[in-house]
């Protein structure tokens, strides 16, 4: 891929269409980003190649920190008990605008940047959720904002939060719990996706835990009466949770996997383990549901004469939408526009789109920007951005880094994210975040209103208490899955 | 039925065959019984007609008490908190020999004394376990012994225990708990059956209870999340008990019926009830198993957010065999012999035997006496004689009051028990009990050895504690089933 | 209760407030109804006293038929295989406007018309869903319309459908299946309630069935291995349905009651029965869900070596809202107004309202008319009006025949429905239905639009097929519950 | 360990005690064995060090074959489709006496020959069932018999069957199925153990299978209604089997392990797998039970809308005891005597015995020989010797190769089996088998009677049909567990 051609064909065209609407300063920020695009793309591509799993992102975090340090950011590494977490900061005083960067990959995903399903030669992990773009794009925006702050001598601080292990490790939750966001005025984030949108969205609050049952081993043929089956405990718990489904609100979700259901049938199993995820659009409800599930686990142990303990693995708040910030983000996204494919990208996207049900979508769908919406009630997934959104005004966006209709966590996402389609989507995000930050630095009123909305939405008596309690970051939760 | 012919055809023949072996005194006892046979048959037939359920045996107990009183027995009625229980006593001093009389019928059994299945016009209850014969036959034996004691001026006491509600009410347990057997030297019992046998047998210890779950009602379509299903509680309990089956000794038995599984599907049920029976050849094991089942019920309530309580209904010890007494009983049964049918009885029996799988049996099988056996480990049923057998030396026998192969609790048992086949079987039992008592009065050594065997079998530290705890007799457990 | 005072205090006041808005013809209809009010109230009170259960409404249907016949209606009785169903008709030609009348009571409800919970001396059934008012009120409206048609010589036909057994018997379904509604232009209905509203509402489609399992009996202690438990079948079915909850759309409802879970624990049960209700806002979805539940029942039988069969008991379509008709009904309800209590009624209502959680409600809430709404997706209950609404344009309303906040199927509903509060609510409904019919006879355009809406809503390929298949009306489903 | 000392201390003592009872020829066989002991011990130790899992015993089988070949045996390798199976033969004509040799190790067992629990540096597998001794000891006996046959010019054939993968692979079953035992007159076997015994024993017949469920994956939070959980299938199957426990004979055993219960809770699992073992003292009953369990699996799939298939892994007949052969073996074992420890061995055994509940046992218990018993009904474990015992007269013995009270499959068994305690036990077995073979070659009458007993025990219509059907040997069932 030759970058110069790329620029000529698509981005320069994009710029043209924006010039009419953009202020000179915003135009300069766009130009700054485009000038440095190859640098940011290179960062993304390296992280894509590293494909490091949660809390094991040593190379990826080092690369991002180095990039920021070189640009004059001060770095606080190894924060909140997580070696791969960091905070990069530039400037001083209020307002403090934060941007988020993720960079962990997923297991069992190893692929190549080609439009067909292949196993890559080395390793299993892959960037099927596009966090290499997420990390590099946010860093690009932070540097661009820094450049403008510096040049314009605008007071204020830009911060980049390196948040590890989003996929099941919940790095952000520990950072929120440690108070690391307390002085921030607004948090801007984005996520790779299959369309361009700046909805003021929500997500499902979620708690997950591993329930570990201990029984008494015995020869299953010789003396099963001497044994107490830990697997009985797991199955009794599941049974009671399945009955509980009738007695929870329909928007609740409870799902489980038996991670250890005994190794051999000829022994009454002394150990068994089941993993649960509990979700609901409201984190308060998740807390209650989780307590009921824990009670079911204890009841199952009691009724099967086994013992149970549980370890909470993740605990994510639902995302509180912020309409004030969301509308600013949306306006800037509209100015930036979506992603335009060149001929090769169109072919690449078209090939990918043949591999799944893409219905009414065409490669050109990636050019559109979705109408703005406030989504009050989350559905589908969960994210550790949720916790941040309850303590500070937060908004995000999605950029079309994948072909239209692509599912997250698929090989198609790995493939598109590893080539120019992903790069273009990343640049859309970096630009939109930069312009949005510009607006916020220039409008104290917006920040005030965003904060008022937060206070109103979270209610009077809100006091942040992590769903995780005081557990330490599960630093080795991905060990053995590399 | 003309009794005189009956005597000529069968019983007189029987007597002939016995004369060689019987002492003059035993022969006189047999003669006494035969002389009064029509009186005892009449008592049995009246109780058969009353067919009163457990703890509701007002007419039946009154008839037995009147019969005994007329013979000079003193009566203690309404003992151990049970209005239909009584103790009849004659004589004084040691030894004290006890005989047991049952007289309760079964629900849903109403029949006639004809060899085909018909509904009787009045009522539902029927003597499908032959307790009318049990009661009348034991009374006949007690009177016969009394006559001999009186005439021979032998020191000692004969006692007849009227024990109500054997079928699920467990009258004897309350009598044992009240200490009413404490001064007895030996207990003689019998039971109607399909063969003649004096095995030193055992039975399964048993506890039964009703587990009552309370939940929270809610409209099952409108707001099931507001409800907590009591039926969920019952099903979760059953589930955990079904898993427990693998972890109990194979000779254990646990079975249940959901007596109340909600009335209508459109309401989350606030009430549900399940009845459990737990059995094992050893009452100590039943106590442990029952505790485990109770724990499963509490676990089920905990895991389904309901409440549970339980009421113990029956608690029977297993029967401890007594070889010493059993051998005496067996020898006398051999002398008495089995049941010989006349032509009409043979036809009646043959017709009955066509209605079930009677295999290698023929009507003449009723004439045989089974070889003696000591059955150490009970299987099949349970009886409240069990508790007695742990506190005092106890033995019993079965007489063929039903056609060979007949199941207890069947209409065929009702039918045969209501005519001369049943009467003849009853006389076999009455004779055998009388002769056995005679031997015991005459041999202090036998009583001593029987007691030693009891002490050895039940172990050193035995102290009687009813499986029922301190619950009162369930006097109305049959109300509404008449 | 003196009716004259009643009129002076409340209804005459009501009339006054309407006069401004009502056409002379509508005013005349109102006046006709008020003139005959005592007659209609008397009909309602008699049906309340009869309190006859579904398909057993012999007295109630006879009374309604007699009342209509006397007014010149022709009667077709015993229709669609249901002795207590009927169709009364007056006039000729198009349009044909239908009104619905229900008149069955509920079991276990026997009460008095006093504001406290008491058992009535005779019987158990009670009008806890207000169908005595439903029947008498619709008849009042039909007669009023007839009087106007006759006097004004307006062409067209008024029909009153006597629809038995709404509570679980589904009389209307059989009438729809028999084609008895095919020539009708619009169907008007109402239902007693705790507020006044003419929403174009929906309801949940529903199917219920009884699943009967047959196993093999065996002595549960002696030879449980010879038995196959029918109750195992029921519990395995329930288990698989409970797991299925995760895999049905959240708006689905599945609930069950174990109607027969065995009688005694000591026998492996050869028979067990579970009743299921399956609901969803869309009848097509119910059909699919029901098939899945049936499959689970067959699987349970297969896996427990038992046999299963099922009998469908009810099968109700969801109610299709009709906005065109609903708006006409709503305008007329607004003109008629809600229910105003006199002092005694206020006291009565206030006493009732103390017995449940009535929150922000006051007795005066009964005066209000709810704003109009189109409810596209049903929730909560189900009704056999659903089937009618899919074949002909149908709309309904609720009138406040019960104190504000009263639950249907409660003793409070029986009580209020048995005195003047219920009567007043019934008159509100009778008036609104009459006026609405008047509008429809006078506007062919409305009927055309209502029909177009129906065709649009039910989709192109719709062909009515009852959820019941070809089963006969369950004429004895309430036998034994009287 | 110095072998010469070893001999002086224990074996020579043993010899002394035997001389009185042994014929010269038998004495010579003993002497032959003792002379070559260090060679056989060396073979055993090498196999112990290889510790190869089932069907992967390449080195072990090669060593045994080489040893036998060198002694003049002809070798048929790679028989019955199993590369590590073989038959070694010497001599010609009748009678044909067979000896069995096993040599596979167990996974997750790696240990050292020290009396404490340690991990060995290389690998996981270990000889926790003593098959290295089993193989080497039987080979020793076969060579000894060969030497005698040759020297004495006795007609007849000695065969050594190398039977791989006893631990779950069931090598012998495939050899029986292939007819490889059809011409054998008697089969002699042994097994390492914690005591010396030549009971005519039985074992449980067993079948095991893996049930693989396929469902439909779906995002468990986003659209669980689109999914069908394969794990639901597994749990429904388990549920129905747990209920089935009440309805199988108490001596049946059914146990399971969920080998794959899904990897992650956030996806409705499309795949899940459960492994079952079904056992009973009678192989015909196992066949029936297995069919019932398969039916439950199909029912579970049906009721959860998943698919299931199963693969039978093992299928072992119960062992038919042969009293005729057993008594010959027992007499010879009595002559050979048990295992006497020297001081170091006593210390080693004592240390091991401290690590488990060894009750009344002392190291000296290893010297005893258990009284002879015919065990008609198997309990506890299962073995693929079962199939052989149904086609040809078979008997076996246990020698105390482990410290008294040691469990099979324990690290303690690995430890003792890897040093002189194991070696001594092996020699006891080799001697007993040699002497038993001697008796059989010399007594056609014994062989005839043994065969008559077999025919009587297995019944008239017996025709061998493997429980495995026609499945191929699962040659890779241990792959990945090394």
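A, B, C and D are the chain letters, set down in written order, and residue numbers restart from 1 in every chain.
In the analysis below, a residue touches a chain if its C-beta (ideal position, glycine included) is under 8 Å from a C-beta of that chain, and two chains touch if they have at least 3 such contacts.
Model, not experiment: these values are computed from the prediction.
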Chain whose Cα centroid lies at the greatest distance from that of chain B: A
Averaged-CA centre spacing for the pair chain D and chain B, given as whole angstrom: 51
Chain B-chain C separation of Cα centroids, rounded to whole Å: 55
Chain centre separation (chain C, chain D; CA means) in Å: 72
Residues of chain D touching at least two other chains: 220, 224, 235, 239, 243, 246, 250, 255, 268
Category of the chain touch graph - line, ring, star, complete, other: complete
Residue numbers on chain B that touch chain C, as the complex places them: 204, 206, 208, 219-222, 224, 231, 235, 238-239, 253, 255-266, 268-269, 274-277, 279, 379-382
Chain C partner contacts - residues on chain D that touch it in the complex: 220, 224-225, 227-229, 232, 235-237, 239-240, 243-244, 246-250, 268, 292, 295-296, 298-305
Chain D-touching residues of chain B, taken from the complex the two chains share: 239, 242-243, 245-246, 250-251, 254-255
